[in-house]
Amino acid sequence: MPSELDTRLFDPGRINLLIGILLFLAFLIINMLRARAGHSFFIRPLAGLQALDEAIGRATEMGRPILYMPGLGDMSEVGTLASITIMTRVARKVAELGCDLEVPCYDPMVMAIMDGVARQAYREVGREHDYKVGSIYYVSAQQFAYVAAVTGMMLRDRPAANIYMGSFYAESLFLAETGNLTGAIQIAGCDKVTQLPFFVCACDYTLLGEELFAAGAYIGREPVQLATIAAQDWAKALAIAVMLIVLLLTAFGHPELRRILQVS
Amino acid sequence: MYLGPILLTFVVGATLIALYFIPHHQAQEINSELLLWATIVYAFALILGSVSLWSVHAQRIRQRISGWPFSLVTLFALLGTTFMGVAWGIGEESPLGRFYSMVNSPLASTMFALLAFFIASAAFRAFRARNVEATLLLVTAIVMMIGRVSVGEFIWRGFPGLTEWLLDVPNLAAKRAIAIGVGLGAVSTALKIILGIERGYLGRTR
Amino acid sequence: MTWADRLLRLDRRIIFLLVAAGTALPLLMPVNLPISVSPRVEAAYQTIDVLPAGSTVLFSLDYEPDISAELQPMTIAIMRHCFRKNLHVIALTLYPAGPGLVEPAIRVAATKEHKVRNKDYAFLGYKSGFQTVMIGMGESIRQQFPVDFYGTPLDSIPVMRGIRNYGEIALLVNLTASSAADYWIQFAVGRYRKPMVLGATAVMATDYYPYLSSRQLLGLIGGMKGAAEYEKRMDLFGDARRGMDAQSLVHVIVAFLVILGTVALFASGQRGPAPRAEKPQE
Amino acid sequence: MSPVETWIAAFLTLCVFSFLYRDNPFYRFAEHLFVGSAAGYLLAVQYQNVILPNVVLPITTGKPTPQTIVLTLIPLMLGLLMVARVSPRFTGPARWAIAFYVGIYSGIAVPGYMQAQIYAQLSDAVKPFAPGWGAVNSALVLIGLLTVLAYFFFSAPHQGLHGVSARVGIWFLMVAFGASFGYTVMARVSLLISRVQFLLRDWLHLIPMS
């Protein structure tokens, strides 16, 4: 047999990756401890988030529903996870004001989770019985079947606000263009760079790439969540520092250090 | 009520991270088995989803909401395709296979093709050089569109080279920064979930 | 109302008609504009071209009918190239609707290059679960695909003899319209150190330039245009090259529309609708 | 495809194209047909490819060993908990299945993203500069990378040097968006070409078959 069965308990070629994960974990924990100790974190404001409340308010006045699309990513996409966190805020606001919410889902797992989030939000504001079963529903895990159903819904039910948060793909232009045609307020957040130009053009506010993840943490303004954004910034700073040091050393004839970034 | 599931997420997540560093063949088998389980859970979630789709349309029919006959179409299609696939399989020549290439394929590809029209209308209506940023976007887009096709070379021989440079230098730089940022965001979110800091997915908001 | 104002209110259906005409006319009356081969496609071509005869190339063809316009011609062209160089081909797909496209594509490529199933190539069929399959194949291909698409056990297929896992694969070719590419890069390239060539839709192509520069990918073929370039390099005349005239014309139309929109906006003296999307205020 | 199938496919193609004029009953019919058949198709595929071989067959065929039974029952239990969510009373138990599922994907994500998107990209970013004129490009890539990273710094206001970098970063971002946009036009047009090819060639026979 050409390749023997592997019996090693650790792959030494990956130790640098392990160190990276542990460092990042340390950044997270240090910043969370700082947050516990009462340190307040500055996070630059994200315009799209401030617009969310406004949009929900307007929908309530107009008596028309809000359409919340959690993207076409599954649970392995971080954009979906961020979308779930943003949904917690949207659902609570919607529950408070008592307007209609529609959440068509592409992934059944996401549907189940979103349903749980919304129920909980209604419970928290003490309106458990106002939650409409079936307002969060699965449409189809086939991309354009989903698009067909949602655009149809946009044209017929005329939601007052369309909120796109999560990982969107080719459907972005289709949905955003149709939404634009119906005159709804549109707020988007997407981590797929390729689709951003379309959201930027057709929506009132757009969270670009990583801002979507930050929004998830930013939204509750809880110190522990904000601390995680700070930890990410530390990691970014570390990455920049490592890059510059290695480049400088290379310029002075010592390219060896580059190996610390190579994983087997 | 939440402690159990949070612990489960922690154990499963931490195990999968550990397995990345353990090349032992038995460890890798455990890895495959766990991934398979996730696939199975998803399959059951899809059953849950289909029930949800069914009840939404059944409700529309029961309450005679405008356009309810169309919901009948959805229900028939759902029931019919599921039955065909479970009874006779999903192969290329099975009834479902033929149905798919006759109905789903043309519908999906035509929906996709509509985007060509939408993109043209968006190009006219929304993509306008309002400020420096928008102008940069537009000029790059036009150079790309013209430079990547035969006509571009006809107009100016330097076009293909220019598009390659745009892709290789500014595009590479921006995409790389985004990849790093998104990567960090992803690692951070995943770690938060594994550590139980982020619990939104369990329906717990605080 | 000035001409510019009127132009700004143009019914979008007129634009739709323009696009429809721009697509149909060149298909009915082709002029076959010349095309040149870009360095990325050339790199992909060379990667395959230098493999010694008898090496095994693994194709993961992860796409469905809706996107096949871009990837199907690519599959045929690259496979024909492998067959011409007497390479062994193993194909699989991670999409349930994939086999309906992949099977005919291999058959066309093999027939044109006079190759025989099981002797020169094998088609393993579909298996669900991206990461599961990719990681599992690192352990054993047979465990993931005990039998091929036609139900033949892998052990009785000559071309599969001695092929256990990625260890015996010389090159991975992934043609996809989805994040399957990311996972192949993470697992086959990252975990198992396999060289990889990517064929992607044009939309995805720009996102993968960083991976080319870092040599995680050895070549990149983007969309129908990329497929047309590959066809050209192979001296073939397939569906991709046939579509290129229409492609040129519609691009010109869209570019013209962008410019027209901007000119009309300035001529009308409006600042237009205030920029609706802006970066976050501070 | 047989002639009848081609006609049905062509009819559905036209139903969808009619949406360009405006929403109408034909489009609505196609839309509802599509939603139902897509959901049913996926369900059938999951049944045939996942549930049947991994859950049903291992315990119903041959003599299953205790190990097989346990390894099959665990995911089956988790799956059933998921389905039980149909009734609102069972949202609690379904959390176990969700917790397992999310745990798996978070666990894969950590080393996966760390390797492919952070280490590999950084390691390439610190490659020695290309010689000659290439060094200018290498420098530009580095500047672009640093400034776009600066734009995505959230815990500092965009002021001073950071403000300038973030602004330059936005320019790089816009060029990248433009490139994506150009390529997207290309992709969508290709798909339209293929649909028109189907209508003109396979259905109307106006252009010769290849």
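By letter and in written order, the chains are A, B, C and D; residue numbering begins at 1 in each of them.
Note that in this section contacts are C-beta pairs under 8 Å (C-beta built on N, C-alpha and C of every residue); 3 or more make two chains touch, one makes a residue touch a chain.
Bear in mind the structure is a predicted one, so any value in this text is a computation, not a measurement.
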item	value
Given subunit A and subunit B, the chains that contact each of them	C, D
Leader among chain pairs (count of C-beta contacts)	B-D
Separation of mean Cα positions, subunit D and subunit A [Å, integer]	15
Chain centre separation (subunit B, subunit D; CA means) in Å	3
Between subunit C and subunit A, distance of the C-alpha-averaged centres to the nearest whole Å	28
Contacts with two or more other chains, residues of subunit D listed in rising order	16, 20, 28, 30-31, 34-35, 37-39, 41-42, 45-46, 49-50, 82, 85, 91, 95, 98, 101-102, 105, 108-111, 114-116, 118, 120-125, 142, 146, 149, 152, 157-158, 170, 173, 176-181, 183-186, 189, 191-192, 194-195
Overlap residues in subunit B, where contacts from two or more other chains coincide	17, 20-21, 25, 28, 35-36, 38-39, 41-42, 45-46, 48-50, 53, 67, 90, 100-101, 104-105, 107-109, 111-112, 114-117, 119, 121, 123, 127, 134, 137-138, 141-142, 145, 148-149, 167-168, 171-172, 175-176, 178-182, 184, 186-187, 189-191, 193, 201-203
Where subunit C touches two or more other chains at once, by residue number	16, 19-20, 23, 66-69, 96, 128-129, 131, 190, 203, 206-207, 210, 213, 225, 247, 250-251, 254, 279, 282
Touching residues (chain side subunit D, partner subunit B) in the complex	1, 5, 8-10, 12-13, 16-17, 19-20, 28-51, 54-55, 71, 74-76, 78-80, 82-83, 85-86, 91-92, 95-111, 113-114, 116-118, 121-122, 124-125, 137, 140-149, 152, 169-179, 181-186, 188-189, 191-192, 194-195, 198
For the subunit C and subunit D complex, residues of the former touching the latter	13, 16, 19-20, 23-24, 27-28, 66-70, 96, 126-129, 131, 182, 185-186, 190, 201-203, 205-207, 210-211, 213-216, 222-225, 238-239, 242-243, 246-247, 250-251, 254, 279, 282
Residue ranges of subunit B in contact with subunit D within the complex	1-2, 4-6, 8-17, 19-21, 33-51, 53, 67, 70-71, 73-86, 89-90, 96, 98-117, 119, 123, 127, 132-134, 136-145, 148-149, 165-184, 186-187, 189-191, 193-194, 201-203
Subunit D-touching residues of subunit A, taken from the complex the two chains share	14, 16-17, 20-21, 41-44, 74-76, 78, 109, 112-113, 115-116, 119, 133, 138-142, 144-145, 148-149, 152, 155-156, 173, 193-194, 196-198, 200, 208-211, 214, 229-230, 232-233, 236, 239-240, 242-243, 246-247, 250-251, 255, 258, 261-263
Subunit C partner contacts - residues on subunit D that touch it in the complex	20-21, 41-42, 45-46, 49-50, 108, 112, 115-116, 120-121, 123-124, 157-158, 170, 176, 179-180, 183-187, 189-197, 200, 206-207, 210
